[in-house]
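Okay, got some structures for you below.
Shared chain: subunit A. Partners: subunit B in the first complex, subunit C in the second.
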Partner chain A sequence: MSKKTVEIPLGSQHISLLEPVRFKFECENEKIIRVDSDVGFVHRGIERACTTKFKFDTISTVVARICGLCAITHSLSYTVAIEKLLEGEISMKAKYLRILLLELDRIHSHMLCLSHTCENAGFEAMFMRIMGDRELIMEMQELVTGNRVQFDFITIGGVNRDISSVKVQELRKTLTVLTQKIEGYIEEFENNWSLSLKFKGIGALSLENAYKFNAIGPLARASGLKIDVRNEIDYLPYDKVGFKMQSRSGGDIHARNTLRLDEIRNSIEICNNILDGLPEGEIITKIKGKPLGETIVRFEAPRGELMYYVKGNGSAMLDRVRIKTPTFACIPAFSDIFVGQDYADAPAILASFDPCLSCTAK
Partner chain B sequence: MILLELLLMLLVAYGVGFLYYGLYRNITARFQRRFGPPLWQSFFDSIKFFLKEESTSHGWMFYLGPIIMMSGAITTLFFIPFFKETTNFSGLSSYGNLFVVLYLLVLGPLGNALGVGTGGNPFGAMGVTRGLSRLFALELPFYIAVIAIMSLSGSADISEIAAHQSTMYALAYPLLFIGALFSFIGMMGQSPFDVVGAPVEVYSGPASEFSGKFLALLMSQSAIYTFAKLVLMVNLFLGGAQGFLELLLKTFVLFLFVISFGSLYGRFKTPQSIDFLLKVPTTIAVIGLILATWS
Partner chain C sequence: MLKSLFKAFINLFSKPQTIDYPLTPIEKDKQYRGLIEYSEEDCIYCLKCEKACPPGAILFVPVENPSENEKNKKALEYNYNPYLCIYCSECVSACPKPDEALWQSNIKAPIGVKSDAVNTRWFGIEKLHESRDSK
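And now, the complex of A and B:
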């Protein structure tokens, strides 16, 4: 550190990010000229516990505890991996219900990110408004699964709860209200002068750098890099429920925010399509056996690609469970974006990444 | 007798300042669709902090900073008369005019800079640097408006300026009022000019290193200073007040406007604040000055 610069830590405990990550900024006046990142503050040993403490049929509940926000993606990824190893096929209705939950989860996670970005940029009223409207999703999740968070909805062979026609009507009503709210937010994020001052042109990641740093998820798509696991997998029928790849070209906070709003709009559309065309059938199929062999499963979590590697040996205890989370993959891109930005923008930039250290520190 | 009056002025400012702070937290909470804390929570917090032991040690200048700020707030208050056309609650205003008050308004940021500068906290230092960078841009439209109304009133005496307004200057010369109001929002530390103490960026900036008694002192200073600045604005632009009820009503309306404005807009960065203040309110105030001179 030269004499003219000052070192400012953002984390490991910081009001703008209540998770264990530290970015050390070397600043000249308020301009960030160098960034050092550290993500190794917490290690929960979940991967190890999955192979030593729990049988394969209970691990879906364990991995759901990795993260409160994308619990459904974790349990789904693991469950699909086991179903692949056991060569079991589940009903179309269960697949549709899994997508429904996955998309509801994506909506509430994106709304949390949007609100958090607004808070870090100094728009506290906007933060509270979005958080208030996020309650609609929490209520929908409770209606479908019985819980607001940590819903152990996914199980090997299908899902745990069916959805009645009354619940379908309730969900449709709430989705209509939510659509109106989201359209309002799109209007505000696009046209509000005060918001544009803090978001447009700030914290940009170019398409070249998105490639270079292997950015994934909304961070990559906001830079124009069209990658989305939902477009590539065949475990769930995304092609039948109206999934559309979203992308923006700016790469800045504004692009990330508006991309998330576009994705929310598409997720609502997917949910409505599912409710309209929910197939008849069982919600759970009995799948017998013990996992033998190895497999990789990828899903698009709200923050990007979540990958599970599972290796079974034919017994109830697994040989290996390896989890690659999206935030960890994006850390190099995060660090690059900060350089050259004002420290005043750092909290908003950080929130716009939507980092999940709970997933990373698994 | 004068000592008793000064003590009463201080008590009123202290009480009303904390009441307004409690209202600020509650009204802001309602804007954000939530319930705020109890009305007097900040007051009880400050009392609690006064009873705490001080554990940090950064040298005498660190401790002198809050004391300078408190002295500045109290002295400013004493030079601002509460009411027009009466000597009651006029404090020391007969010994110093608006120029003295304008000088004293700078004492707070100065004490802040001296105290926080020796603390060594990077967030505090960053907050102070932001504050001092923004100070000139913040003062310019306010001073232009103040010069205009001093010229219009033919006096620099605050009570005479208040008494001179047959129609409130805010209504008679709205451009001057708007120009000064932008500065006033910044002086009150409200959004969008709240970059100095931005909680998610610099942990409340200058206050970040203070704790215990000195944090309580800063909270009390802020309460007194808030009321003093509100009374000053009421005297300069809203025709002053003739009784406590009118004073409370006018200060509250002004306060409500300031916090409502703050709830609508996000935080400007320091260069954005300076740029905006020098372009928009300063231009408005200059046009207001020209129109006032012609009229």
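And now, the complex of A and C:
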């Protein structure tokens, strides 16, 4: 730090943060010239607990508690890893129900991010609107799984709750209402003058830098880097439910917001397709045995690629559970984006990354 | 821009989006997750629910005057901690007689107050459980 610069901390407790993270900005007048970050404030030792305290068949409920927003992706990744080790095949209906929940989860997570970005940019009315409408998704999740946040819906061998035709009708109705609301947001985000002032051209990540800093998830796709794990995996039939890769160019906050809205639209389409063509069959198949060997499973969480490494030794206790979360992989890119921006824009930029620190520190 | 201003103005006169909770009751679906309920008469004491429970909220401990269930050969008693339960219903899916011996209701746990001595009672049960395992 030279005499001309000022060091301003953001976090670990700050009014604009949802979760504890600390950024130290070195500023020259209003401009940020260097960033230092620390993410380890919510470490709970979950990886260690998975190998010492819990047996392998109960861990899917443990890892679900890493994060409230992508609970379903965590438990799904772990469950698929165990199914791969035990060489069990699950029914098509269970696979479709898993995608349904995964996409509902993505919609509500993206809506939370959008509302929070609006709030940090000073547009609180929009924050209230989006959070109010997000409740529709929460109710849908509660209807399908029985819980609002921690679903415990996915078990080894399938899912543990079936969906009745009455519920399918209700979900369809809510999805129609939600589609109209999303169209309204798209118009607002594209045309609203004050939102444009805060979002357009601010916090941009170029395609080159997205490659260089290994950006993933919506952050990379908003810069034009077309990577999405849903396009690459074969454990879930994403190619049959109408998944389309979304991408935007520009890489600024506006591009990230509109990309999230595009993804929500696509997710709603996927949910509708699933409800239309839900196959008949059992929702759960018994899988027996103890995991032996090692495996890697990747899934697209709302924030990017989530990777699970599981190693079993043939007993009920696992040897190793390693979780690589999307936010952790994006931190170099985050730090790069801040450089050259105004300090006053930092909260809005940070919210547009949609960082999940409880995932990162676990 | 004008549209959103117009919408904001309309919103001034519309109903709030929230539910007026104590006055308007919240509708509960039958399948919402809640406390686990147990019937002693139908239990066969296989202890599968105890093994399946992730947080260890179901414990069978030895007692001096057990119930008159003939399946209860080891003189055990079912103990359930509603405050530890995560409502995952793994116990119900592990149970050989679901809906008879063990099922899930949609009622949430009552508020735990200090005078109930929830923790002290439960720690005692955990100790008894450990002694059962060591035997």
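One rule holds for everything that comes next: the second predicted complex is superposed on the first by the 362 of 362 C-alpha atoms of A that agree within 3 Å, B and C clash if a C-alpha of one lies under 4 Å from a C-alpha of the other, contacts with A are read in each partner's own complex, and residues count from 1 in each chain.
Note that contacts are C-beta pairs under 8 Å (C-beta built on N, C-alpha and C of every residue); 3 or more make two chains touch, one makes a residue touch a chain.
As the structure is a computational prediction, the values presented were derived from the model and not from experiment.
*Asks:* Taking the superposition as given, does A:G132 touch the first partner, subunit B, the second, subunit C, both, or neither?
*Replies:* After superposition on chain A, A:G132 lies in contact with both partners, subunit B and subunit C.
*Asks:* Between subunit B (first) and subunit C (second), which does A:E89 come into contact with in this model arrangement: first, second, both, or neither?
*Replies:* neither
*Asks:* A:T155 in the overlay: touching subunit B, subunit C, both, or neither? Say first, second, both or neither.
*Replies:* The answer is second: A:T155 touches subunit C but not subunit B.
*Asks:* For A:S16 in the superposed arrangement: first (subunit B), second (subunit C), both or neither?
*Replies:* In the superposition, A:S16 contacts subunit B only.
*Asks:* After the superposition on A, what does A:A346 contact: first (subunit B), second (subunit C), both or neither?
*Replies:* first
*Asks:* Under the stated touch criterion, which partner chain does A:E119 make contact with: subunit B (first), subunit C (second), both, or neither?
*Replies:* Touch partner of A:E119: subunit B, not subunit C.
*Asks:* Between subunit B (first) and subunit C (second), which, if any, makes contact with A:F54: first, second, both or neither?
*Replies:* In the superposed model, A:F54 contacts subunit C only, not subunit B.
*Asks:* List the residues of subunit A that touch subunit B in one complex and subunit C in the other.
*Replies:* 125, 132, 194
*Asks:* Please output the residues of subunit B touching subunit A within their complex, sorted ascending.
*Replies:* Going through subunit B, the ones touching subunit A are 28, 31-34, 122-123, 125-126, 191-192, 194-195, 198-201, 203, 263-270, 272.
*Asks:* For subunit C, which residues count as touching subunit A in their complex?
*Replies:* Subunit C reaches subunit A through residues 1, 3-4, 8, 17, 29, 31-33, 52-54, 86-90, 93.
*Asks:* Taking the complex as given, what residues does subunit A use to touch subunit C?
*Replies:* Spelled out, the residues of subunit A in touch with subunit C are 54, 57-58, 61-62, 125, 132, 135, 142-143, 145-147, 150, 152, 155, 160-161, 187-188, 191-194.
*Asks:* Can you list the subunit A residues touching subunit B in their complex?
*Replies:* 6-8, 15-16, 30, 118-129, 132, 194-195, 197-198, 342-347
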